[in-house]
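One chain, chain A, links the two complexes that follow: it is found with chain B in the first and with chain C in the second.
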Partner chain A sequence: MTGLSSPILRASSTLAFFMANTLSLYLLLRGHHAPGGGFIAGLVTASSVVLLGYARGPEKFGRVLGADPGLIAGIGLAVAGATALVPILFGRAALEHFFWILGNNGWSFGTALIFDVGVFLVVVGVTTKVVASFAASSCGLPALVAEEERRYSSPSEEPLEGTRAN
Partner chain B sequence: MSPLPAMAVLLPLFSALVLFFWAKPSPLRSGFSVGFSVAQALLCWWLAMQTRHGEILACMAGNWSPPYGIALVVDPLSAVMMALASSVAATAVLFSHYEMPAARQHPLRMPLVHTMMMGANLAFATGDLFNLFVAFEITLVASYALMVIESDSWEIRHAVPYVAINLVGSALFLTAAGLVYSLFGTLNFADIIVRSGSLVGDPRMTFLVIILCLAFSIKAGVVPLHHWLPNSYPTLPPACAALFGGLLTKIGVYAILRCLGTVFPPAFPGVYEALGWLAAVTAVVGGLGAVSRDRIRDILSFHIIGQIGLMLLPAALMTRGGFTAAILILWHNMVVKSSLFLIGGVVLAIHGTDRLSKIGGLLRASPWLAGLFAIQAFSLAGLPPLSGFWGKLLALEAGITRYEYGWVAAGMIGGVLTLISMVKIWNSAFAAASVEPAPTTTDTRLWKMAATISILCVLTLGMTVLAGPMVKLSRVAAAGVMDRTGYAESVLELVGKDRLGGGMP
Partner chain C sequence: MSLGLGLALVLLLPAAGALAVALVPRRWLPFPGFIALGVAMASLCGVLAIGSKAGAHPSFVLDWSWVPECGLSLSFLVDGLSLFFAVIVLGMGVLVLVYSRGYMAGREGDHRRFYAGLLFFMGSMLGTVFSNNLLLLFIFWELTGLASFLLIGFEHTSEEARRGARMSLLVTAVTGLVMLLGIVMLKQVTGTYDLATILRSPLPQTHKDWLDACLVLLVVGAFGKSAIFPFHFWLPNAMTAPTPVSAYLHSATMVKLGIFLCARLFPIFGERELWAPLLGVPAFSTMLLGAVLALMSSDLKAILAYSTVSQLGYLIGYYALGPNGGVDYDYLHILNHLFYKGSLFMVAGIVEHAAGSRDIGKLGGLAPRLPLTAASCAIACAAMAGLPLTTGFLSKEFMLKEIFSAFSVHGYLGSFAVVCVVLTSLLKVAFSAKIILRVFFGKEPETVTAHFHAPSAWMTLPPAVLSGCALLAGIAPSFLNPLLQPFTVPGLHAGTAEHFQIWHGWTRELWVSLAVVLAGLALYRVSHYGDRPCPGVPSYLKAERLFEWLHEKTIAAGRASVRLFQTDREQSAVLAVTAFAGVTLGAFAWKQVFAGGFGPLLQFVDFTGGMSPLRLLVGVFIVLPALGLVLFRSWGGQLACLGISGFMVTVYFVLGRAPDLALTQLLVETVSIVAIYLLLGRCAKQGLLEQWSDLPSSAMAQGLRVAVSCSVAAAVGVLILVVTGMPHHNPVGNFFIRHTEDMAHGKNAVNTILVDFRGLDTLGEITVLLAAMLGCLGLLMRYRRNSEEQKQGRDLTPGLGLGEEGKS
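Right, the complex of A and B next:
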């Protein structure tokens, strides 16, 4: 079952994916000084991933990112958590951030960017996982792959609509 | 600036992450989980030791000053709440380690329990209203997942009201937080204390206090907003039920104490009066519900509601003595309630059911368990000299001092109903002969589970033997919660007073 898929959508979604992610990268990098940041960049990227997923169909949705979205979210949480922990180890306040100006060309780097990347990964991972599960589940497919099902789901869980396809 | 409050939040986050990545259950993983929950309990007890004379430990996240930064403030009430909550969690984790072989455990249970602990610690430590909301959400989202991961469709049906009503409560809380920001221009507790001085008598502030109390009452399970609780908790696995019963509703009570005692000035007699009468109804309804039920875990779930009423009754007096009693009952209840749920879990493991009409003869079959139950149940009911008695005595004293005889009567009725339902469990499950012969088992698992429960039992007995110091500690905690100036100053010292608008209250 391919649901929404059409050749036009499939062709344009790749283009839209790259355009959206250029914007997302811009939003992520400017977050320290101007409106933007990890959360909003994550949402932009997540919506592009969702578009790509719908274009490719619910069977391939969960694998659009090439890795388990749950794992991506976990790594993001670990990165963000590390920025809280590391300053404490050096005797500073939790989540304290530092900022350097690199040369005279207007470049600068803040450790807040690391935290933002963590947030970005969490948002992308969680959104993709949730939408992919719902997409699969509402097309009568199992929401989780067999291994995940053993790991994460309740023994009595069934797809939201239709019966379990084997 | 002390990093300890932040560490108490970061430690469970770290262990939850490790357990999330380490997805395959094994004895080693369970050991890791137990080890980290014990480490976290030790850290929280260390915090409690540091604050036992009324000291306040505070730190600002990221060294930002309010209203942008988030303050973590640990006073004696928070510290002891954290210590007891993490002890209960450690026991529940150990219990679920013995409950079933590691290979059969659900891989998400441990990460979720640790996430829930992180949320609870943040809720107790935070000095910021929006952050309190976030902490509530972390705890609740973990609890939603815990409620459904090991359940069948019948149990999921009972989880739906739990999730739905708590979402309504969260929406209400979030709305209130937005309104607080629009009225005060800040969400930091210390900052609100400073700015609320000039707003006393403003109806907008009264409105805010009412909405916040309503939101916290939903989380605490106050009648008539209690319906989600007594049907959803019994569907949980015993270890999780112990954690929920010892923790979740208590965070709601803590938030009410913190809000009425510390954050807002004591200037809303109508709200306190209403809260007191709701608590009185809660105490009686919870007790009646408990007497009417037939399964151990159902009875205990209804008890939670009754006990919430008994905690809020003295708190609604808004006197130092009332808060002392409320805090003592709250602390005692966290330990006793979760150990009773765990005892229910052992009964369930022995008989395969905890329906009172089907079980019996446990006094003969496992006298050790009967002893544990007797101590905890009659301590909960408040029989002297067990630890539950002292909180009730203080509550009685506080109520009579303020001539609130209606509330005192409601509390007494609630207490008697608690005792009746406990005697009901004792008679049917322990003293009476079994309807069906209890399956004889030599399973060492049961012994280990009972031994785990005795950790909490030792805590209860410790509270009995050390009743004097416990009462003193709860007096210190009550004084700390009601000392608005001291709370504000300890945070403002950290950031420099010149960075805040307005003078001291």
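Right, the complex of A and C next:
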């Protein structure tokens, strides 16, 4: 199985991927002041990854992002958790956010953005991982690489996709 | 060095040692046995230093705050009792660790787990005896049970070991929880968890029944830990542990915690009427029962386990009959048991190691091969039997003396105690003779000759040390007095201890002892005449049956309840779940309508009256695809309808000026449609759809489903109208909107709520999201075979989802 057969669609999906992610970055950064934010931006990026995955075919779906999406989600949770914990180390309340104005051109930066980036990564990772696994397994391919299979399956049960691959 | 720092070091060293041994890779930390030994010795030195610095009759409290809100503090009481037990724990710990060097030789792979377990136990044991806060005592108390669980189940590949470990954990943990109830009740009566305060001030004269209930609950904890009837069955089953563990936990230290607790409670509750019968009757019965079972057993460790049960009954019984002024010889009894039983357990380990068996019937004639061990065993058996020139003799003499004097004070309990003690002493003589004669004398069986290999000095020396102590203290008992004297605790000890002597003259006790020894030897001669095998313990005396029965029934009840609520066919549960939701939601909606009249509903009519044509159009576009969802037969069409319906809802959000919601709805709809599409693709041909059509669908059943669906829809609809119509007196949203700029430095209130005001919620949500992903992948890795496939074995293609193409 190799994804979409039309070369035009495959090419334009890459273009759409970059456009969608530009939008996603924009939504993520402006989220504090205008509609947007980590969750929405995460979903935009996830949709674009799903689109790209469809275009490239289910074998390559899980690797569209380069890294394991599960790992990305884990890192996201760690980032969000860190913004909760770090203030405690300085004797402040958990999840307290700080805010700086950068110069007088109206730019500002808040630690809330770091938290939002964590949310963004979790949403992207979880969505991509789940959809990619579904896609692969629905096409009769192993949903996970062998190492991951051991992590999620119980020894008394044969993984669903493992038997099919033989 | 201050005492506080010293005590902290003593307590932390074993814990730190356990962590280091368990976690640091062997490459960086070789010889875990020596590290454990060093830790134990350092802790022992620390305790001795604290003891010598604190002087005679110390009693002080070291306090670090922990959770003041619930009265829990890291509070430690240093007095004679805690120091005495700490010295025992660490001293015996050193000997056991030395012994383990020999016992665990050749099993280097398991060393780290073993020594880490022992150090973990040592640390929790020290914490228990030093605890001043009763809640802290409970925590450490349960930690010792946990350590015991890990160590009994050390040979975790053996079913027996797992069973013994589970049994001991269940019994000691559950009785520990009962003890916690008692602790909480005691706090309710006295107003504090602080042991030193409770010990200092007399109990309030009110709440007498409460105090009795407290006492019962606390004593249940002590009985569970010390294997007193009816909890005595776990200790023999714990003998599946490695022998050093049995010698350390299950004879010398952990099972003594019940005695420790009784000693702690004695000054508090000793004057209550309930004290003597509550402790005395079960304790003396256990003592006799244990001795009988020990004589019947043939496994060396089982004999020792039952005799330990017996001795624990003896010790608790001693506190039960204690006069009001205080007891005097409890340390002597404890030390005596420590010397001989520790030694005997180690001897049992040596015999098993050297001869390959622990069964008395398969052993014999080992004395010439193991002279030092035979001598240790002989002295220890003599002490167990209470022969002169050993500590056992002293212990028995003083016990008999106290009981004879308590005879008149305690009425029926006194006579009961006398009978039990005399009979038990007699039985002890018999099974002591059995151990020494059957194992070390007589003819050597061929199996032993074939298997024999000599034990190392690591193994033979520690029991010799213990037996030497028993002999030395028996020959020259007078030096025990000044040793034990500094440990006396006012309130617990009367301070009127006689000077220990070998010879007390021809007293009543001596005559009784003499008769007991003769009768015991005669009993052994009769019961084990010739080569008659040991009868073994009949199952009705093991008392495990009740436990097994309870255990089985609990599991069976769990299974039954699961079966009640779980089904393999999701479809058959859908109707019930939907109907339940409909009933509860409908009831709530009805109540609201009933209470508030039809006002909210009429509001809705007003609202629709002011509805723009655009809204109406969007509403039609939401409803039409929903109808299609019901009418289409193929899932592709149904899914498309569902998607259109969902996208159309977005328009409402836009009209309601909620751009964030609209964006989210749009994106979530997109991604979830894709996911559902993929999932349904798995079940295209024969999966779910066929299962649906399998359902018996008479007109009646269909009508029922339609009726349930319609009523749930109606209920939800009314509920939404009612809830949105209810006035909010102080909506929290206004606060967020007002303060989003000054408090969260953002203009988008939706986002500031998500990341700042309610950031913890979001953190929780993304955690759940990640957990859901993991669960999803786990489910994906599961494979359910149908019955046909199960018949054909594992190597077949899966059924659900992959259908015909998969097989071809």
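Operating definition for what follows: the second predicted complex is superposed on the first by the 152 of 166 C-alpha atoms of A that agree within 3 Å, B and C clash if a C-alpha of one lies under 4 Å from a C-alpha of the other, contacts with A are read in each partner's own complex, and residues count from 1 in each chain.
Keep this in mind: contacts are C-beta pairs under 8 Å (C-beta built on N, C-alpha and C of every residue); 3 or more make two chains touch, one makes a residue touch a chain.
The structure presented is a predicted model; accordingly, all values stated were derived computationally and were not measured.
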For A:Leu95, decide between first (touching chain B), second (touching chain C), both and neither. both
First, second, both or neither for A:Val44, with chain B first and chain C second: second
After superposition on the shared chain, which partner residues are touched by A:Ser6: those of chain B (first), chain C (second), both, or neither? neither
Under the stated touch criterion, which partner chain does A:Gly81 make contact with: chain B (first), chain C (second), both, or neither? both
Tell me which touches more residues of chain A here: chain C or chain B. C
Contacts of A:Lys129 with chain B and chain C, given as first, second, both or neither: second
So in the superposed three-chain picture, is A:Thr14 touching just chain B, just chain C, both, or none of them (first/second/both/neither)? neither
Under the contact definition given at the top, report the residues of chain A touching chain B in one complex and chain C in the other. 74, 77, 81, 84, 94-95, 97, 152-154
Chain A residues touching chain B in their complex are 71, 74, 77-78, 81, 84-85, 88, 92-97, 151-156
Give every residue of chain C touching chain A within the complex, in rising order. 659-660, 663-664, 667-668, 670-671, 674-675, 678-679, 681-682, 744-748, 750-752, 754-756, 759-760, 762-763, 766-767, 769-770, 772-774, 776-778, 780-783, 794-798, 801-802, 805-806
Complex contacts: residues of chain B adjacent to chain A: 1, 3, 6-7, 10, 13-14, 17, 20-21, 23, 59-63, 72, 107-108, 148-153, 156
Applying the document's contact rule, which stretches of chain A touch chain C when the two form their complex? 27, 31-40, 43-44, 46-47, 50, 70, 73-74, 76-77, 80-81, 84, 94-95, 97, 99, 108, 110, 112, 115-116, 118-119, 122-123, 125-127, 129-131, 133-135, 137-138, 140, 143-144, 148-149, 152-154, 157-161, 163-164
